[in-house]
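Read from first to last, the chains carry the letters A, B and C; within each, the first residue is number 1.
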Amino acid sequence: MASSREVVLGRIRAALSDRPTAPEVPRDYDQTRALGDVIGLFAERAADYRALVRRVRWDDLPAEIESSLRARGATRLVAPADLPAVWRVPGVVWSLDAPAYPLPVRTLDRSDGVLTACAVAIAETGTIVLDAGEAQGRRVVTLVPDYHLCVVREDQVVGTVPEALASLEPTRPLTFISGPSATSDIELDRVEGVHGPRHLEVLIAG
Amino acid sequence: MTTRVALMATCLTDTFFPDTARAVVRLLERLGCTVEFPPAQTCCGQMHYNTGYRRQATTLARHTARTFADYDAVVAPSGSCAGMVRDLYPGLHRSTVRVAGRTYELSEFLVDVLGVEDVGAYFPHRVTYHPTCHSLRMLGVGEKPLRLLRAVRGLELVELPAARSCCGFGGTFALKNADTSTAMLADKMRNVLDTGARVLTAGDNSCLMHIGGGLTRLNTGVRTLHLAEILASTEEEPWVATP
Amino acid sequence: MGRNPVTWLGSPTFPTAARTALADVQLRGNLAHATGTIRTKREAAVGELPDWERLRRAGEAIKDDVLSNLDVYLTRLEAAVTARGGVVHWARDAAEANEIVLGLVRAAGATEVVKVKSMATAEIGLNEALEAGGVSAIETDLAELIVQLGEDRPSHILVPAIHRNRSEIRDIFRATMPGASPSLSDRPAELAEAARAHLRRKFLSAQVAISGANFAVADTGSVVVVESEGNGRMCLTLPRTLITVMGLEKVVPSWRDLEVFLQLLPRSSTAERMNPYTSVWSGVTPGDGPREFHLVLLDNGRTATLADRVGRQALRCIRCSACLNVCPVYERTGGQAYGSVYPGPIGAILTPQLGAGTDDPGTASLLRSLPFASSLCGACYEVCPVRIDIPEVLVHLRGRVVAEKPAYAPEAVAMAAASWVMVSPRRFRFAQRLLGPLRLLARRGRVRRLPWPASLWTDSRDVPAPPRETFSAWWRRNRG
C-alpha cells in the first residue's frame, strides 16, 4: 500500500493535470518608503500599542536602565548571560540565563522582569524583533516575566516590514513583538495584558 | 455629431418601470444623443447566471449580444445588468465578448462618455442615494451618480448611513434566503428613514423594487425613484408619476 | 467519530439555521457591534499603506504560484524541516491526522495538551478525537476558551466567541472556570486577567503543545504563528514536544514572501499595523524551545479542491476573516448558521469544497445550501487580502448544485421555462401581457399578497403593480 505521502503527492499532481502556469509575482510594492524620522516614528508607533517608550543617550544607558527599573519597582531581574555588563545596574538582583545553564521556569515566573537587547525594530509597525542573538536570550526568557525592558539601538530601527525581514536570518528562532500582550477576543475590542508580558518598555538609545 | 445610443431597458424596467426607460430616452435626447431601442431585446441572463444556470444564461447572453451587435454604445439604467454584460459576458461565449466593451451603466455613460455632470435637471426634493452593490463593486461607478445628483437644481442630497451595505435583494437570494434578505432590508429601511429624505434613489430598479416594496409595506411615505427619472426632470417638464 | 470533518453533523441547511439565528436579538446586537467596530478599524489600517493594492496582487500571485507547484514546495518544506531536526507526517484526511497526533501525544506520555488556536485542528475535530483517546486538550486562546468552557460552537474564524458579549462571557467564566471569583466583573481587562490566571499553571507544566501554522517557508523550513495574547508563544516555547497541524496550502516558497503576508494579515484580521506576537521557528533549536517538533501536513479535501479550476482559488485563503466582518449576511446570521468551522463568505465556498463527497445526506443538503447564502454583493472580494473572487466561486458552486438537480426539479423547470420565454422576443412580449391581470390585485399601485412561492417575497415587501403599458409597447406605439 502506498504511503500517505505518496497518496497526497499523487492527488496533488492529478489535481494539477490542467498544468496551471505559475504567475510571475509582482514585487512592485514598496520595499522602503519615505517615512521621515524613522526613530521618531518607531517611538510613536510602539507607544500607540501601549509600550512605554523613552529615547535616551547611549552613554546614559546604564543610568536610564536604573531609572526605569526604579520607577517600576523591579529588584529581581532576569537577563541573558551575554547582556553587556554595564547594563546590569546595581541595586538589582540579576539572574543570568543561557542555553547551557537555563533558569527554571519558576525563577522566570517569580522575577520582576527581564532586560534584553533586540535584533531589529520596525518603525512603521512599532515592532521589535528578537532573534535569540546577542543579549536577547532564549525565547522563554522574554515570555514568562511580566515586564520586558528592551534596549533598541537607533541604528537597529528600519522603516518597513520588508526591510526588517531582509535583515533577519529565518532559521533562527524569531519573535516579533508589537506592544504588550493583547486580545481582541471580547467584542473585537483590544485590551492589553493576557499571557505574554503585560508591560513592555522600550529604551531607544542613540 | 450626435451619439447613437442603444437603450438596453432591461427586462425588469421594461415590464414594471417604463417611466425609468422613458426618462433615459428623454435625458439622452436632451443631451443630444440619438436613442434607439432594439425591439428584440429581452433579458441579459443575469438571474440565470447568478442562480447557477450558466447554460441558459449563455443562451440569453448570445441573444442579447446579437440584438445589440450593431451599436457602438449600449446604455442600461441598471448597475447589475450592465455589470453582467461587461464583467461576465466575456467569459461566457466568444460571441458575447464584443458587446461587453460597449456597454455602459447610465451614470458612467453620462460622466465618462458624454462628459457631463450637470444635465440641467431640476428636482426640488430631499433625496438620499443608495449605491447599489454591482454599480459600486463590479462596475466601480464610484462618485459619479453623486456628482450628477449634486448638480441637480433644487435637490437636497442627504447622506445615507451605511450606504455601501447591501439592501438584501440579490435576485433569487431574496426568495431562497427570504429571512436573511428581510433582515438586511429592515436595516436598509431604517437607515433610509433616519435621513428624513422623501425620495430614495439608486441606479438600479431591482434594488429599488426591493427597498421600495418594504417602504410601501410599512406605509413610510418615502418613495423610490430611479436616478434617471430625477435627472430627466426639469423646471419646464418636472417629474410626474404615471398614474 | 461523531463529527463529520469540516461541518457539524446534524446541522440544518443555511436558510433554516439562519431563521433561528435572526430571531436572536442579543446575537444580532453583538454581531452588529463587533463587526461594525472592526470594519471601521480595518479601513483605517489598510488606508495607511499606499501600496495596499500592490501587496494584494503580490499575495494573490504568491499563493497561485504555491498552488501551481504544490508538490514541489511541500517536498522542499519536508526536506528543510527534516534537516533541522523536525519530523514531517502526511495525513490524507481528518481521521488519519487525528490518529497521528494522538499517537504522538501518547508517545510523549502526556494525558493533557495545551493548544494554540488553529483552524486546521478545529476542522478535523482534533479535540474530540483526543478526548476519545483519553487526552484532554486545553484551548488557550481566550475566545476558544470561552467557546470550550461554554460548551459552545465557534462562530468566527478569528474570534470564535464573537457572538458573545462581555456580560455573557462573565457569566460563562463565573459558572465554569475553576477558581473564578464570584464577583468577577464584565470589564474585558478583568476577564482577560481571569483567563491569564486560569491558564498560567497549565502553561508552566505542559509537556505537549499543539498548534496550527499561518505560514511555512519551503526553502528554510520555518513555521510561522501569528497571534496576540502570548498563549501561542507559551505553547510554542515551553513544552518539550510541539505538534503542528497545517493545511497543505499554507506553504509559501521563500522567506521573502512573508514580507507581503506579514503586512496583509494583521491589517486585514485584527486591523492592527502588526499583531502583538509573531513566532518563527525552524525545526528544533537546541537549548531554546521544544526538543521535539512534528509537522503534520493535512489534505482533508484540499487536493480535491485544488482540482477545480475555479474553486481552487479558495485555497489562497490566509484565514484573516475580513470577509466575515464585511459580509451583510454573516453580520445578521452569525457564524453558527453555516454549520461549519469555516463560516461567512469564505466558509460558503470552502466548506462545500472541503466537505464534498460526504455520504451523510443531511450534511450534503447543508453543503448544497451554502453557496446560496450570499446576495453576491461583492464586499468580501473587495477586502480579501489575497483577492479571492468569492462571488465568482459562489456562482460556480451554485452551478455544481444545479447540475446535480434532476431536470424535473421545480426550480429547474421554472428556470428552463423562463429562459425559453426570454430568448424569444415574441414569447417575452406575450408573457409581459400575461402579467397585466396582476393589476386587478393591486391597491394604490402595489400588490400586497401573492401565493407561494411569490409569498416569499410578499411576506415582507410589496410588488409594484404592472403598468398599463410596458416600455416596449410604449416605444412601439410612439417611436416604432
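Odds and ends about this structure:
Everything that follows uses one rule, which is that a residue touches a chain if its C-beta (ideal position, glycine included) is under 8 Å from a C-beta of that chain, and two chains touch if they have at least 3 such contacts.
It should be emphasised that the depicted structure is a prediction, and the values quoted were computed from it without experimental measurement.
Among the remaining chains, A is positioned farthest from chain B, on the basis of C-alpha centroids. Looking at B-C alongside A-C, one finds more C-beta pairs in contact between the chains of A-C.
For the pair chain A and chain B, the distance between C-alpha centroids works out to 53 Å. One simple way to say how far apart two chains are is to compare their mean CA positions; for chain B and chain C this gives 33 Å.
Averaging C-alpha coordinates per chain places the centre of chain A 30 Å away from that of chain C. Chain contact summary for the complex, chain B toward chain C: residues 9, 11, 13-19, 21-22, 37, 39-43, 45, 47-54, 56-57, 59-60, 63, 133-134, 136-138, 164-166, 168-185, 187, 209-210, 212-214, 216-217, 242. Taken together, the chain C residues at the contact with chain B in this complex read 14-15, 18-19, 22, 28, 328-329, 332-333, 371-379, 381-382, 395, 397-402, 411, 415-416, 418-419, 422-425, 428, 432, 435, 446, 448, 453, 456-457, 459-464, 466-467, 469-472, 474-476, 479-480.
Across the interface of their complex, chain A is touched by residues 30, 33-35, 37-38, 50-51, 54-55, 57-58, 61-62, 64-65, 67-71, 74-75, 84, 89-92, 96, 140-143, 146, 159, 161-162, 165-166, 169, 188-189, 191-193, 195-196, 199-200, 203-204, 217, 220-222, 228-231, 233-234, 236-238, 248, 255-260, 262-263, 270, 272-282, 285-289, 297, 299, 303-304, 306-307, 309, 312 of chain C. On the chain A side of its complex with chain C, the touching residues are 3-5, 7-9, 11-18, 20-30, 33, 45, 48-49, 99-100, 102, 105-106, 109, 122, 124-127, 132, 138-140, 143-144, 161-162, 165-166, 170-197.
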